[in-house]
Amino acid sequence: MEKELSQEQAPENESGTGRLEAFSDGVFAIAITLLVLDLKVPDLNGASPAALGAALLKQWPNYLTLFISFATILIMWVYHHRLFQTVRRTETLLLFSNGFLLLLVTVVPFPTALVGAYLRTPAASLVCAVYSGFFVFINLSYNLLLWVVSRQQPEYRSLGSSLSKSWIISLLGLPCYAIGVVVAFWNPYVTLGICCVLWIAWAVTAPQQRVRQRPAELNE
Amino acid sequence: MEKELSQEQAPENESGTGRLEAFSDGVFAIAITLLVLDLKVPDLNGASPAALGAALLKQWPNYLTLFISFATILIMWVYHHRLFQTVRRTETLLLFSNGFLLLLVTVVPFPTALVGAYLRTPAASLVCAVYSGFFVFINLSYNLLLWVVSRQQPEYRSLGSSLSKSWIISLLGLPCYAIGVVVAFWNPYVTLGICCVLWIAWAVTAPQQRVRQRPAELNE
Amino acid sequence: MEKELSQEQAPENESGTGRLEAFSDGVFAIAITLLVLDLKVPDLNGASPAALGAALLKQWPNYLTLFISFATILIMWVYHHRLFQTVRRTETLLLFSNGFLLLLVTVVPFPTALVGAYLRTPAASLVCAVYSGFFVFINLSYNLLLWVVSRQQPEYRSLGSSLSKSWIISLLGLPCYAIGVVVAFWNPYVTLGICCVLWIAWAVTAPQQRVRQRPAELNE
Amino acid sequence: MEKELSQEQAPENESGTGRLEAFSDGVFAIAITLLVLDLKVPDLNGASPAALGAALLKQWPNYLTLFISFATILIMWVYHHRLFQTVRRTETLLLFSNGFLLLLVTVVPFPTALVGAYLRTPAASLVCAVYSGFFVFINLSYNLLLWVVSRQQPEYRSLGSSLSKSWIISLLGLPCYAIGVVVAFWNPYVTLGICCVLWIAWAVTAPQQRVRQRPAELNE
């Protein structure tokens, strides 16, 4: 009968969270890769090497923001992926909150391109505030998703210590990004620094995971 | 012998619907993410923050249509995905109707960009009619697919009540989008409102699904 | 001991053809979706509905070629996918021939855009010849892949009837596309017609496949 | 009890390396496909076939670099994929080094487009040096990843002969690409030749893998 159950679970799992996870993973992977479309080849007529080199170096805000956005989406994917391992029902609210998060993730290349284009102009404060403000919304939608998934857990009512740790790490981003919005009008580079510190902090606190017990087969 | 069967099914499944589903999912995920390419960074020389802010706000039709198209594709994916769980044969007609649906899904970013670009011009009625008309075709191709898959079910002849419910939800879109086309020439915003109401209605009626019985492991 | 073998096969399979298939599927799905980027929103200042409508209709070659290329890539994917189910070794030659096919598949949006842009100009013959000529190369690389995979089959030497059927269907495209190249200089529309007839022929001859024996669960 | 273990491993595996592999595969597949966006349809008014043909032929540097970059990313994917089969823990350092490699892979279309645009200008040496220099960084990040994964192997301390073979093949790229950077200022075409020789060498040395023992089913 256990066998029966296991056979029942396989299709259920595939049809439920498994596909939602795979779809979300796909959206994350595509959004992270579309960031490169913001790097434009300079359009110079009769280019001397010096002129081209200068034009390429002048694009450094684009390189910087691509790096920050890439790292942030990647870390978000790691946490999103871990969170989905605990999902028990693909209820309507989960579909909505996950869909809203995915929507924001796909839009990340846009504020990224904005900062790349305007960081060296008088509008730098505005675009950095938009950038950090955009991540406030991403953090809000992630917290919404975390709340929906947490509600499905049996230990939710008792607020187990390990569950709260997830919340602390996740909620940390909200005030930080909000500070980033305000600080941008004083110094936009500090805002970008805050965004960098956040993904580094999340990457370092991402828990280790033991995966395979199989013997090494690197060079088979 | 049951063991034998199960081993036979595994490769069959992988080679049949499984891969077709994964391929369809991939196309959905990419189409939904390509919507962001319609958001253009304003090209202003000597940008003042005020000018940039105004240019960004002026793009609100693009934000609005991205949101509607994203939500609609996502809901279509949810239903498409559930429908494919009942597919029994990857017959030629199924390949054709699914392929036609995928073709239309990949093209969604185009009418979306049209509405974004022309909603604030005299051509607003035309582009909103095109937009709603495009979803008439998507709905037709989805209904074709639903019909092909329904034909494969044993209870098809007896028209079981649960099967008809799928049909009602699906066919609902056809007259609504058609009304959207007509209404666009009176007020294009009402057309966009109809498109919004439709995906919300589909999202709310999307059935819950119980997935995993494993104990919580959120913070392992 | 059979159990042992089955456990051995699982990781082998995952690490071998399975991932190569998934990667190829991904490339197919992305290439097919990137076709939409060729549909440009007309850039009209002070657009009247009539002017916009005319501009949209004038783009019909783009719609036509998107449709042909989409259908052709989709059918290629179906056959590629079926072929890979018989792969036994991911040998170097297989990697090369599959990689070459994938390279050509990713490039399909380029000749497609060419035909879309120049079908209504004096250069129509040239672009249609390039388009059909491009599919000559795709067909050649698919035949190379088919040959590599056939060589791995035990019945290869005896040339079983079913194996030869695959070859006939596949080799059919080679002279047809080549004729398309020549015919383009007489009438480019005939070339596009040949390309259409080919994918329809392949779609119709794509074999049916029985997938699931599970009871219907459409409306669970 | 072995059964128990195997059931424990399945979800572990799925939640650990499996998804990280799938995500990495997705990024590789998208980056390799985005290369085509660098092929632009020539924008000629009143195009004669001769003018269009000349414009298409003039783009040969873009075709060449697309080919080299495609082949190099594909080979990198093959090796990356094989390497991940030996991963045992998704530790923080692994996440960082893999993420850094993925970042560089997604950016490959940019230096590729640079070479395509400037190979026939005085800036050819600069862009080819940038191109080869970019692959120095990719090789460094791959070696970092290889080191992280090697550390997890039990035979790491004893430096088994098969493990060192992986290292030799991988480290070979570092001096070759570095030479490519220097040589570019003498002859940029030699640099592109070095890049070609490298991926051919890696493709030829990519080990064969036996996958399926199932009987042929090509024409079922």
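Side notes on the structure shown:
So that you can tell them apart, the chains are marked A, B, C and D in the order they are listed, and the count of residues begins at 1 in each.
In the analysis below, contacts are C-beta pairs under 8 Å (C-beta built on N, C-alpha and C of every residue); 3 or more make two chains touch, one makes a residue touch a chain.
This is a predicted model, so every value here is computed, not measured.
Per the C-alpha superposition, chain B sits rotated 90 degrees relative to chain C, a value rounded to a multiple of 5.
At the chain A-chain D interface, residue numbers used by both copies make up under half of all numbers present, so the two copies contact each other through mostly different positions. Centre to centre, using the average C-alpha position, chain A and chain D are separated by 24 Å.
Measuring from the averaged C-alpha position of chain A to that of chain C gives a distance of 33 Å. Residues of chain B found to touch two or more other chains are 11, 22, 26, 30, 34, 37, 85. Residues 6, 21-22, 25-26, 28-30, 32-37, 39, 41, 46-49, 51-53, 56, 66-67, 70-71, 74, 77-78, 81-82, 85, 203-204, 206, 208-213, 215-220 of chain A touch chain D in their complex. Per the touch definition, chain C reaches chain D in the complex via residues 5, 7, 9, 11-13, 15-17, 19, 22-23, 26-27, 30-31, 34, 37, 83, 85-92, 95-96, 99, 102-103, 106-107, 109-110, 113-114, 117-118, 121-123, 125-127, 130, 149-150, 153-155, 160, 162-163, 165-166, 207.
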